[in-house]
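Two complexes, one shared chain (chain A), two partners (chain B, chain C).
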Partner chain A sequence: MSGTSVLPRARRRPAANRAAVHGLLLAGPAILFLSLLMVAPIFVVFGLSFTDYSLGAIQFSFIGLGNYLQIASDARALGAIGHTLVYVAIVVPIAVLLGLFLALMIQQRRRLRHTYEVLFFLPATSTFVAMALVWQFLLHGRIGPINDWLVWIGLGRIDFLTNPATALPTLAVIGAWQLVGQTTILFLAGLSSVSSDIYDAAALDGMEAGWDRFIRITFPMLGPTTLFVVVTTTITAFQAFDGVAALTQGGPAGSTETLLYKIYLEAYQYTNMGYASALSILFLAFIAALSMFQIFVAEKKVHYS
Partner chain B sequence: MSKWMQFLAAGCLAAAVAGPALAEPITLNVQYSWPSHKRFHDPLAEAFMKTHPDIRINYLAPAASYTDGQQRMLRGAVTGNLPDVWYSGYSYLNELIRTLEPRGESVPIGDFLGKESTDWVKANYSEQTLRLGQVQGKQWALPFTASTPIVYYNKDLLDSVGASADALSSWDGIVSTAKKISAAGKADGMSYAANEWGDDWLWQALILNAGGHIMNADSTKVTFGDDSGKSAVTLLRRLVVETGMPFLDEDQAIQQFASGKLGIFIGSTAEVRVMGQTIGGKFQFGTSPYPKAIKGEGGLPTGGSAAVVLTKDAAKQRAAWEFIKFATGPEGQKIVVLGSGYMPTNLRTTESEYLGTFYKENPDWTTSLKQWPIAKPWFGYPGGSGPRIWDEQKVVLSKIMRGQVTPDEGLASLVELTSRLALSKN
Partner chain C sequence: MGTSSRGLKIRGLGKHFGDTTVLRGLDLDVIPGEFLCLLGPSGCGKSTLLRILAGFEEPTEGTIETEDGASLIGVMPSRRDIAMVFQSFALYPHMSVHDNIAAPLVMRQMSWAQRQPLLGALLPRGRAIRGEISSAVERVAAQLRISHLLARKPGQLSGGQKQRVAIGRALIREPRLFLMDEPLSSLDAALRTEMRGEIVDLQRRLGITTIYVTHDQTEAMTMADRIVLMMDGRALQIGTPTTIFHDPRHIAVAKFLGTPAINILPGDVSGRRVRCLGRDLPVTMTEPTDRPVQIAVRPEDMTIRVGGKGSAIAPSWMATVERLEPIGHETLVHARVDEGPRVIVRLSGPQLAGFAMPGDARVAIGFDPVALKLFDESGARLTHIAGDRDVAPAPHHAEAS
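And now, the complex of A and B:
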């Protein structure tokens, strides 16, 4: 890099300036709308998080860090953070490992490959709220087919969505089901970019197939893909909301209140905008930390090229 | 009255009558809750527009629930984007008016009622009905739909264990019948999903039915920690222990009842129409009144909604009043009742010209009608704390029902949290 920049600077400047102006003009509309629609609201929320603004109120006052201090002593907010972490801890391993497994299986197929791809991707394309109704029926504690089957094989009923102990794991499994199609497709894309030269070379050395080949070649070569999948899945899982809203509304007994659902409750059910804004900033910090981790730490350690 | 005044009054009257007919049709934006209620809102608007060609009813996309609708109104008040007419859920009326009144966004219905003749008002609306639309003694809204909880039972299941529907008139009878049905093993006995309901309606029903009150008259003290609360929490735990009651939310309970796997379901009278349709003759079902309270004083919280006028335009306000008069009138109420099972809010609806004959032929639909005398306002907490209070209360109710705390401990913590949340904002 440093070697090329010793060219006389004066000669390059007008052209570079023109290019910069053109670039700015082209990017201008996007920058404008992004700042109006994405960046500005974040600043508004940040500002509101220091107030006691309540939706519909005519006036509000600044209360400094009051909202943030309240989070620390609000058992339900802390509970919501805990539920979100548990949810992420269940969704991410299932979605990533199952996605990887399915991708490896599908990749070996020739004729049915596309059929499988479509089949496993279907959940990602369906409208979740409609699917939620199907899940609600399937998992019904008394008349659901899954419970009929459990009773038939002698395990007894499970009140999947109405028992505080099982509701959150059940939602997490449904959440993973929603994401598996996407992770499978991403892993398939990653697999197709692994050069066949490496496999050929390994075959010459006697590593033809199986576990060895996966551990020594496929998985390391999938490093960047795996990192990307883990980070995006984690971010998506952090945003757990639609399953909660459609299936349990945070219940039973508050056991499925996730951070995003708690924010929704505070903002729109309790009209407590200031406090909800503080929670949103906390949420944003989580997501930002994950993204930073991907960009600055992990990206550097997973590339072999 | 002087000649001039008479002349002027006649002129105004003529203008009022002829004015709208000459002018462009007025369009009213009307907002209601519950998308499934389209089945009676649409025919209602059609019938109204047929007789009032000068007014066009434009329904906005329905709100998912009273809570969702309430949020829309609060947002609408901030963004200046309110409908002309809104059907507010009773328990949210108090908060709605307290938010909108300082902004001058709502017109009291009393202003319109006052212009009608006293005889007409008396012939159409009972004192009790009107009270449901009052906030701090002022008539802000006109009741449009009304419901009380009733008991639905699966007659086939009751017959199969040799139980009679007469037993369902008391909680003891309900518990023993449900016990028999669960013991027979083919279905669950009953569902009284007080803790999983979307709002505190069924919970308030237990308190009110036992003669209690949620708070005192000026909302400065929580008062359900007395015997009424004690009998309510004890009963809830008893339902689980003695009948093996499953934990279901409202939708799940209705699904299970409609599929014939639940003996007794206690819920809103507004489901009668839907129940009939979903069951579709698979089994025989019947309805009976909410079990009688231990004390004679008991009441039931009235669910449903009341019409509120939110437009500032004088011509639209007149049109809105015409529409509300129709919707809460006997023709309008006939359409509403037949599409749902709600109790009519208009006194004349039971005349034989409207629903008199229908009620005689369909006794299952009259159960809630008989409960009008004990229909009381659905208590709304002060300062918009209602949704949060319910979210906290239902957690405690779940613990009581699951036996994680004793009913007495549970009641104490219910009273404590309700006092803390309801009184903190005042």
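And now, the complex of A and C:
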């Protein structure tokens, strides 16, 4: 910062300048669009979160932290945060553990491996709203085959999506189903990066297969993959919206209102842009915290090189 | 230690992967306590043989028995009393050096419950056994001079240090058979020479039977008590480094050993006489026969004469020098024999001192008849009596005493 840094800079000015101009020219379009489409809207939303702006309104005024204070006293907003956390708490363990389990099972298959990969990855490639309609039919309280089956084995009917007690867990299980294919593929990629020499050495050392090999070799070696899968799955689960919008619209009795769905309602149904912006900033803070955790804390503990 | 070392009796060992045959009817006796090198080009089946001995692969046919007659077929790798050092070292990257070396003992000496991460510490004896294992780890580490590295992760070690940790993990099991799969090939040249010596010293000191796979003839020649020269899934020749080098039973063995490769000259046998490129050789066949032969002479056994200087034992052939490769203490002369093949002559010491390249690069090439080896067209060795100068020059009475 002091005078020492001036000299070398002065000496290599012409070449360095040309490189800087070239660099700026090449990175320019990306910087421009990234700023316009990603960074600027965030700042706009951040600014709006301190106003009472209503969609379509001609004028609005600054109300300071009013929107944020309103969140603290809005039972439905707090409920939406709670629902989102419950949703995440169901989706992440199922998607991660089932994905890991399926990956371990599929990896040992030789001929059918690709068939299984495609089969389990299918939900991730399909249009979710279309799939949601299928789920709606399957889970329907009266005409759904799943309820027919429950009756047949002697259990009663369950109104999966219309009972406030079961609607959120049901949405979460569907959400997990959609994510399992992706986590399976990621774990399969992680597994294939473990060298076969390590498994041979483990076999010699007495870890031939089963629990010992998994807990001592496979799972620790999957550390970086597991971290990545957990964080990305959590972020995806946090964004729960399409299932809610397609199947329950937040109901019954607001029991499936998630944070993102609440933001959507506030912004586009009730046109409370200012309040929706404050909720969005809260949402952004959650996601940012998760990303920070991945980058700064966990990465150091699971990489071995 | 020598008495507990393992011997092996391998008979008719074959391994096929689908249509590809990797091992074909291999017979081999491993003597307890010896340092045996499996040497051969890549794809010759040496690594597969090692993997079968370790128990990672099962042979398609054949038997493997220990010195007391117990079969090893179908025995789990961890029950074979063997240790192995891998080319990639195969250290567990998430464990410290200490835990890497301790891993085999943890698995063998602790019960299932005792070795579980949290539960184990609560159980009686768990801590005591861990203490015993730690002192064993420290003993092995001291032996390999890696005591100061025990807390590190493999990612923080140099290639040579990783190598020592891998050897430590193998030694701590007190194995009866040591398997090494090209353990030096991922090290740089200087370290390779150093580790070569250390591994041999260690093996001599502990007396553990060692089977060492390599494609590097220098490693095999300098380290092994005996070499198994493998090619195309077969053991072409088994013997001491000296025997394999000086008395190859097959032309492929002669060609594989020695750098630069042995020279091959075309020849003909009629009766007991041998002719090479129009000259009679001063050698006599032990069995009379009539067939073309391949005459193999190592570059160091060739001689060269320039304008009367240098020495060339008769007979000799005129040749044109194409290229010189001076390597300091020796010079390789690449020459083409008139109407004959290209040969390489290695000149060193006094020969080198007296050698000067003439302008026209014409030389007379000869070789020491004692050193030549004869092989038939299929590559099998033919025996002859060398150096009988009284018989060879007279062409029509080749009957020697």
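Just so it is clear, the second predicted complex is superposed on the first by the 281 of 305 C-alpha atoms of A that agree within 3 Å, B and C clash if a C-alpha of one lies under 4 Å from a C-alpha of the other, contacts with A are read in each partner's own complex, and residues count from 1 in each chain.
In this section, contacts are C-beta pairs under 8 Å (C-beta built on N, C-alpha and C of every residue); 3 or more make two chains touch, one makes a residue touch a chain.
Please read all numbers here as calculations on a predicted model, not as lab measurements.
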(message) Under the superposition described at the top, does placing chain B and chain C together on chain A give a clash or a fit?
(response) fit
(request) Considering only touches as defined above, state whether A:195 meets chain B (first), chain C (second), both or neither. (result) second
(message) According to the stated criteria, A:66 is in contact with first (chain B), second (chain C), both, or neither; which is it?
(response) neither
(request) Applying the touch criterion given at the start, work out whether A:79 contacts chain B, chain C, both or neither, answering first, second, both or neither. (result) neither
(request) Based on the superposed arrangement, let me know which partner A:206 touches: chain B (first), chain C (second), both, or neither? (result) second
(message) Once both structures sit on chain A, report the angle chain B, chain A, chain C from C-alpha centres, rounded to the nearest 10 degrees.
(response) 150
(request) Determine, under the contact definition given at the top, whether A:224 touches first (chain B), second (chain C), both, or neither. (result) neither
(message) So if I take every C-alpha atom in chain B and every one in chain C after superposing, what is the smallest distance between them in Å?
(response) 47
(request) Take the contacts of chain A with chain B and those with chain C, and give the residues found in both. (result) none
(request) Using the touch definition up top, name the residues of chain C that touch chain A in the complex. (result) 51, 54-56, 76-78, 82-84, 86-88, 90-95, 103-104, 107-108, 112, 115-117, 153-155, 169
(message) Quick check: in the complex, which residue numbers of chain A touch chain B?
(response) 54-58, 136-137, 140-143, 159, 162-164, 249-254, 265, 268-271
(message) Per the contact definition, I'd like the list of chain B residues that touch chain A in the complex.
(response) 67, 71, 74-75, 77-78, 99, 102-103, 188, 195-196, 198, 246-249, 251-252, 255-256, 259, 261-262, 384-385, 387-388, 391, 394-395, 398-399, 402
(message) Under the stated contact criterion, what part of chain A meets chain C in this complex?
(response) 195, 197-198, 200-208, 212, 215-217, 220-221, 223, 304-305
